[in-house]
Amino acid sequence: MTEQLEFTNAQRAHVLTGALPYIRRYRGQIVVVKYGGNAMVSPELRSQVMEDIVLLWLVGVRVVLVHGGGPEISDMMNRLGKQPEFVDGLRVTDRETVDIVQMVLCGKVNKTLVSLLEMKGGKAMGISGMDGRLIRCRQKDPSLGYVGSIEEVSIQPVLDLLEKGYIPVISTLGCDDEGNAYNINGDTAAACIAGALGAQRLILMTDIAGVLRDRNDPASLIPELTIDEAVKLFEEKIIAGGMIPKVECCMDAVIRGVDSAIIMDGRVPHSILMELLTDEGAGTLVRKGTET
Amino acid sequence: MTEQLEFTNAQRAHVLTGALPYIRRYRGQIVVVKYGGNAMVSPELRSQVMEDIVLLWLVGVRVVLVHGGGPEISDMMNRLGKQPEFVDGLRVTDRETVDIVQMVLCGKVNKTLVSLLEMKGGKAMGISGMDGRLIRCRQKDPSLGYVGSIEEVSIQPVLDLLEKGYIPVISTLGCDDEGNAYNINGDTAAACIAGALGAQRLILMTDIAGVLRDRNDPASLIPELTIDEAVKLFEEKIIAGGMIPKVECCMDAVIRGVDSAIIMDGRVPHSILMELLTDEGAGTLVRKGTET
Amino acid sequence: MTEQLEFTNAQRAHVLTGALPYIRRYRGQIVVVKYGGNAMVSPELRSQVMEDIVLLWLVGVRVVLVHGGGPEISDMMNRLGKQPEFVDGLRVTDRETVDIVQMVLCGKVNKTLVSLLEMKGGKAMGISGMDGRLIRCRQKDPSLGYVGSIEEVSIQPVLDLLEKGYIPVISTLGCDDEGNAYNINGDTAAACIAGALGAQRLILMTDIAGVLRDRNDPASLIPELTIDEAVKLFEEKIIAGGMIPKVECCMDAVIRGVDSAIIMDGRVPHSILMELLTDEGAGTLVRKGTET
Amino acid sequence: MTEQLEFTNAQRAHVLTGALPYIRRYRGQIVVVKYGGNAMVSPELRSQVMEDIVLLWLVGVRVVLVHGGGPEISDMMNRLGKQPEFVDGLRVTDRETVDIVQMVLCGKVNKTLVSLLEMKGGKAMGISGMDGRLIRCRQKDPSLGYVGSIEEVSIQPVLDLLEKGYIPVISTLGCDDEGNAYNINGDTAAACIAGALGAQRLILMTDIAGVLRDRNDPASLIPELTIDEAVKLFEEKIIAGGMIPKVECCMDAVIRGVDSAIIMDGRVPHSILMELLTDEGAGTLVRKGTET
Amino acid sequence: MTEQLEFTNAQRAHVLTGALPYIRRYRGQIVVVKYGGNAMVSPELRSQVMEDIVLLWLVGVRVVLVHGGGPEISDMMNRLGKQPEFVDGLRVTDRETVDIVQMVLCGKVNKTLVSLLEMKGGKAMGISGMDGRLIRCRQKDPSLGYVGSIEEVSIQPVLDLLEKGYIPVISTLGCDDEGNAYNINGDTAAACIAGALGAQRLILMTDIAGVLRDRNDPASLIPELTIDEAVKLFEEKIIAGGMIPKVECCMDAVIRGVDSAIIMDGRVPHSILMELLTDEGAGTLVRKGTET
Amino acid sequence: MTEQLEFTNAQRAHVLTGALPYIRRYRGQIVVVKYGGNAMVSPELRSQVMEDIVLLWLVGVRVVLVHGGGPEISDMMNRLGKQPEFVDGLRVTDRETVDIVQMVLCGKVNKTLVSLLEMKGGKAMGISGMDGRLIRCRQKDPSLGYVGSIEEVSIQPVLDLLEKGYIPVISTLGCDDEGNAYNINGDTAAACIAGALGAQRLILMTDIAGVLRDRNDPASLIPELTIDEAVKLFEEKIIAGGMIPKVECCMDAVIRGVDSAIIMDGRVPHSILMELLTDEGAGTLVRKGTET
């Protein structure tokens, strides 16, 4: 980051007008950003993500921010003397834990993001899957407690906020028919929401570079995949480990009607802006097929 | 509560049609309920308050629910090993405390209320004074830390939710221009919000019967006060102790343009419904003057 | 009617909140009430019907009131020295008689109902099938004179009034292409209007208890019928006499798209309210089939 | 009427385009027509009035038709064996009479006019002062019975119908706060309605030529009067007899905000069209003053 | 033109009300007029065409005026020392010529028509196929230079102007993807625009009487043709010469969804008004088939 | 212009997010650009101006482009053998000349600008002061011929286009009441239009650097002036020569309600973008006073 960051106005104008064709393409489109990982932990990256989102919002992109908050939840559990426990990557969530999840996500993370977006000049409103019956779910597995599986997304609350000009910031909790809160997977929720919105793009911010053909060679990044190609890479075990759920989530979103979904390297500064407003992206994009 | 609660349909119809003139009067009006105290702690009372609010909402009253959550905050502070400390009734709020306040109010209390309202058939959306720049504040007193004094209420977010048909549920936190969260007094926030909305009625749910002329005689309840009369009662020390800020808050709301504000006994079941839909109220109503 | 009709506020609140689930179900739905018989003649019942309609309207049900007025017509004919004459239950209607029908229905009955609804707090507008070309008809049978058979219902005028928030009150006259007025059967008109509106419910107020399996045993009331079951009861001659056209009218409405149609006992006080806002009805409901 | 009424198309086109400047002037404006007298009795004149109104409506004038029906009322009273009785030109109206008035005006006259307008191609809806609480009145004089004096005109129902594209046809009855119907003067009602609408023009159709300087000389017609000039003519007794209430009504309308009001000779064929769409009128126009 | 053109008001009213059924039929419909030929050159005819269009607009017809301007273009080319050259009736259009076409059509003809419409009382806005990307075209034939063939009509700009109440006046130029202007055939453009609008009627103003069965006998005019009949007349060589493209254009419009298209004799005064507002037309109307 | 114009994505993101506060400030505001001079003649500058305008439009600024075209007019006059003649800087405009002005401005310049804006991705519609009666004028001075003085600006057509999302491109001609076209001063027209729109900013693109305290010293540029200060500079003769009408035009705009007006150096690349989206401008800004 030792690059020159002082520019003449002519240079600035050159850069701004260079963004014209990209702004045109995304103006009025819906982009869902699933926000998490390092990009959420590092204050500098977080500030840049907020700037990126507000800039997109100002140029007419309808951005929806979906967030998780695993580390903050574990941290608060520890402070309250509870030991986080995971089964197959899913947090075992008893009644007390789901209360903590609700507090940390809806209370701490959500409102802090809303506040940051507004400091950058955006107009944001923070809700959860419990508001306006956005996310209805049922228990996934009794042994996991209050871990929910999404039954139905009623997207009207998000559309209402978009219509009124807000950036919706969504905590990924859901409710069952008795009003019990459930912890739900953030990536899955983002894919369902993006699908229900018919979004143009789902951006999954991660701490990885994307799908690598050779996981030891960053240069082997696969920039774009069709669903068929992804299926083949699964069979070839090239998509493996923690990459599996990410790619599956992208495929799920695309099948639900999202135009394309990207596993984005959230460690790269301004990666959202670069992805959408320049010809260079960071990560692996999944789309339906070559014909589209 | 040993009364008969089984009725014939003829009796039910009689009661329902008896509510007609009251429904007509409040239909389309804005009513702000400041919710707290026993009515929020007792599960049975809480269920009744939620029913009352949803019923009002169904018959066309535009209800806004403003809530505090003092006991839950203190409870969480204790669990986290922090000792709640008060100066003149105001909670000393260091950075860690304001984080807890934010978590408990926006995360726990707010979402639980939203969920309850929806179980009763309402359509609710939970926000805070930090969303959509609703409440802008500044530090009240450096020695109190993050305790805020309201500078400005930008009511548009609440109007947006009302227009879209939601019951707004509002946690009373605010932000300063740097995006710092502040704990603010719930009654004051409710009065400011009711004033900005030009509400028909502010309902302060409390754990007291209202203003008593003789504090040892419940029969000495003063059902209605003009501002002038209230000033006189202040001078006569009849309004004293914890009653002072409640009456001041009502007077403040009325001066800000609310038609009338009531100190309501939240310990009485269905007190909101009775106040609005019958000829009998519970508590002391403050209005501008006799001429109105 | 010697029941207790004085209630405590707690009892009132209990009844009001007990109506919550019913209000939720009908809110925003269209309910067409065909009003006539004793419920229209008895001042006490009439007052209760008006209260029921206004209450439904206040809680968001979109009520359409269709009325007849046979007794008033016959009465006026007698006063004008004309002898009412019927063939197969249809009034022989010469030019002079259709003028009387028009006067009595549109002038006397309609405006009196409008006025009563407004006294109860509703907002009503009284029209006829002649306004806005609502009901176009042709002569049914030359020997009956100006008795019309409905050709087409142009429902826009009713939708316009509903959109503007009125309770439409409709006199059942129609026009042919030359502008001649015709007397038309009120039940049939109500069924056609309900069908054109895609109403949730058609309520036929009658002076009978509903369909009885044994006409001498009130306890043999059949509370609900599918169309198939009704057809079978016709074959078994259980539906007979004056019940035939009532059940046919309900079946016709359901076939035209109304969710369900009920033959309601208008002699029961507040029968509309009980039917819609409690779990107990009075009469026989006809719906398409068990699968719905 | 032995004039040539067969024209070449060139002649027709000439006439049509000649109306252009007049259509431009009244397009979008509100014109209230108080309809009565010979123009309502003669079938030929009535047909022409209906054509005129529909044509104006088609070219974008917002026409409101207010009608009386004195002769039909007296006729029906006679048929029912009641003797019409008048005091100072006002019909003594007992309970039975007001019922007859209501029947005849709202039932017979109103619906017949609605039907005629629709036969000519218009879209009309017939209401009364009792619908939507349009006209609220109180008893004028106990000795006259149900003769009402207008207290308040709530114009919203008429605006609602205009907005939905209808020609409102209004019977001039009103209601008091108890829901009793009252017979009210048609000219006065038309002036109040025109004033409440801020109409461009009130047209009072009469059976006279207008204000004559010499009542025996038709050539002495005064085509236009300011209010000041009218006052002077009152003093000079030139305005006398039956002309007095007509001129007073026009003055009242102008004072209530109508741009101009005309006493029109309804015996002249197509007098409305000529008044509005040619440079020649029939009658006496009253306007505020010369400065306007 | 020695006919009587002075009429009594009764005669005028007779003519105006005689237009009622025609106005009713076209009210709200879209009519596209392709304007050119003698009707555009003769000042008197031009004034009448403008009057006709404004009158139609005033009575609620949504008129779109599409114009050419061949003679003015040739005239300006001559003044600038350029020799107009035609191949198969198409103007050879080099870069300089297309500039002249653009100047003359968009600058001179268009604005003059706009100004005339407004003098007659209309509200007009003049655009071209280049505004709002209305007409996208490609080069027809390199040897003709900037003569365009229509690729796509994006009708939104015309709908926007109609919605805002303007008479759109359209110069028939188009653009390719590089922003180059092209001269395009006015009749073809009008047919495409009428089709994209789903117009009720396309009126092609020409200097001929219409399709004659015997071209030497004006009395042999064929007033109406189905597409099948037109095809047959092509085969029989009855449609020949300059008539061919006119009939083809009408057929094209009808196939694109226009209800009917007429080859109108623009030399007849007020021919548009006569066609639409009387029972007598001038020219040959093409419609889909007899069944419609 | 030998600056580096290749940037890394990080640099681009840095520039883009640096524009955030400026975009926020102008979003939704109306900016009127009076376009002319070298910025219009040089293809490179012209392309940059179009890019600037489209970028502003994309980020939500409502841009109105007002253009002149003096050199093109003189050029066409010369080609047609007419000698341009000026009196006090105003073009003597006979009937033939105003036709040429109309052709060149509305036909050539306007449509070329529209086409360029659309190539850059904007949505533009080109009109003139003659469309929708935008600019009504009268003759300024008989000796100048068809040179108009603005009487009235009817801004609705511009608002209609803005509401429909277009960039209005306006040729500065006007009409008198007889429909004659007039040549009017472009700067004056822009100031009137900006005033009628209550624009946030009027940008006058010129070929000068702005107001210089010492006209031989570019470093003496006065970046900002209040009206009072400008008046003083007039008195001190520091504002002189061709600068006089420019400053007067800015003052006129500010008095008509424009927030600020700037004399901008159109020779500087991307001067509009720099003025609005960076903290550095090029030229002299005029605003009401220091208090604002």
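Couple of notes before you dig in:
A, B, C, D, E and F are the chain letters, set down in written order, and residue numbers restart from 1 in every chain.
In the analysis below, a residue touches a chain if its C-beta (ideal position, glycine included) is under 8 Å from a C-beta of that chain, and two chains touch if they have at least 3 such contacts.
Given the structure is predicted, the values throughout are model-derived calculations rather than measurements.
Chains touching both chain D and chain F: E. In this assembly, the C-alpha centroid of chain A lies 68 Å from the C-alpha centroid of chain D. Centre-to-centre, using mean CA coordinates, chain B is 55 Å away from chain F. Averaging Cα coordinates per chain places chain D and chain E 44 Å apart. Because contacts link each chain to exactly two others and close back on themselves, their graph is best described as a ring. Order of chains round the ring, from chain E towards chain F, by the touch criterion defined above: E, F, A, B, C, D.
On the chain E side of its complex with chain F, the touching residues are 76, 79-80, 99, 102-108, 110-111, 114-116, 118-119, 123-128, 130-133, 157, 160, 164, 166, 173, 175, 178-179, 181. Residue ranges of chain F in contact with chain A, taken from their complex: 1, 3-5, 7-21, 23-24, 27, 48, 51-52, 54-55, 58-60, 120-121, 269-270, 273-274, 277-278, 280.
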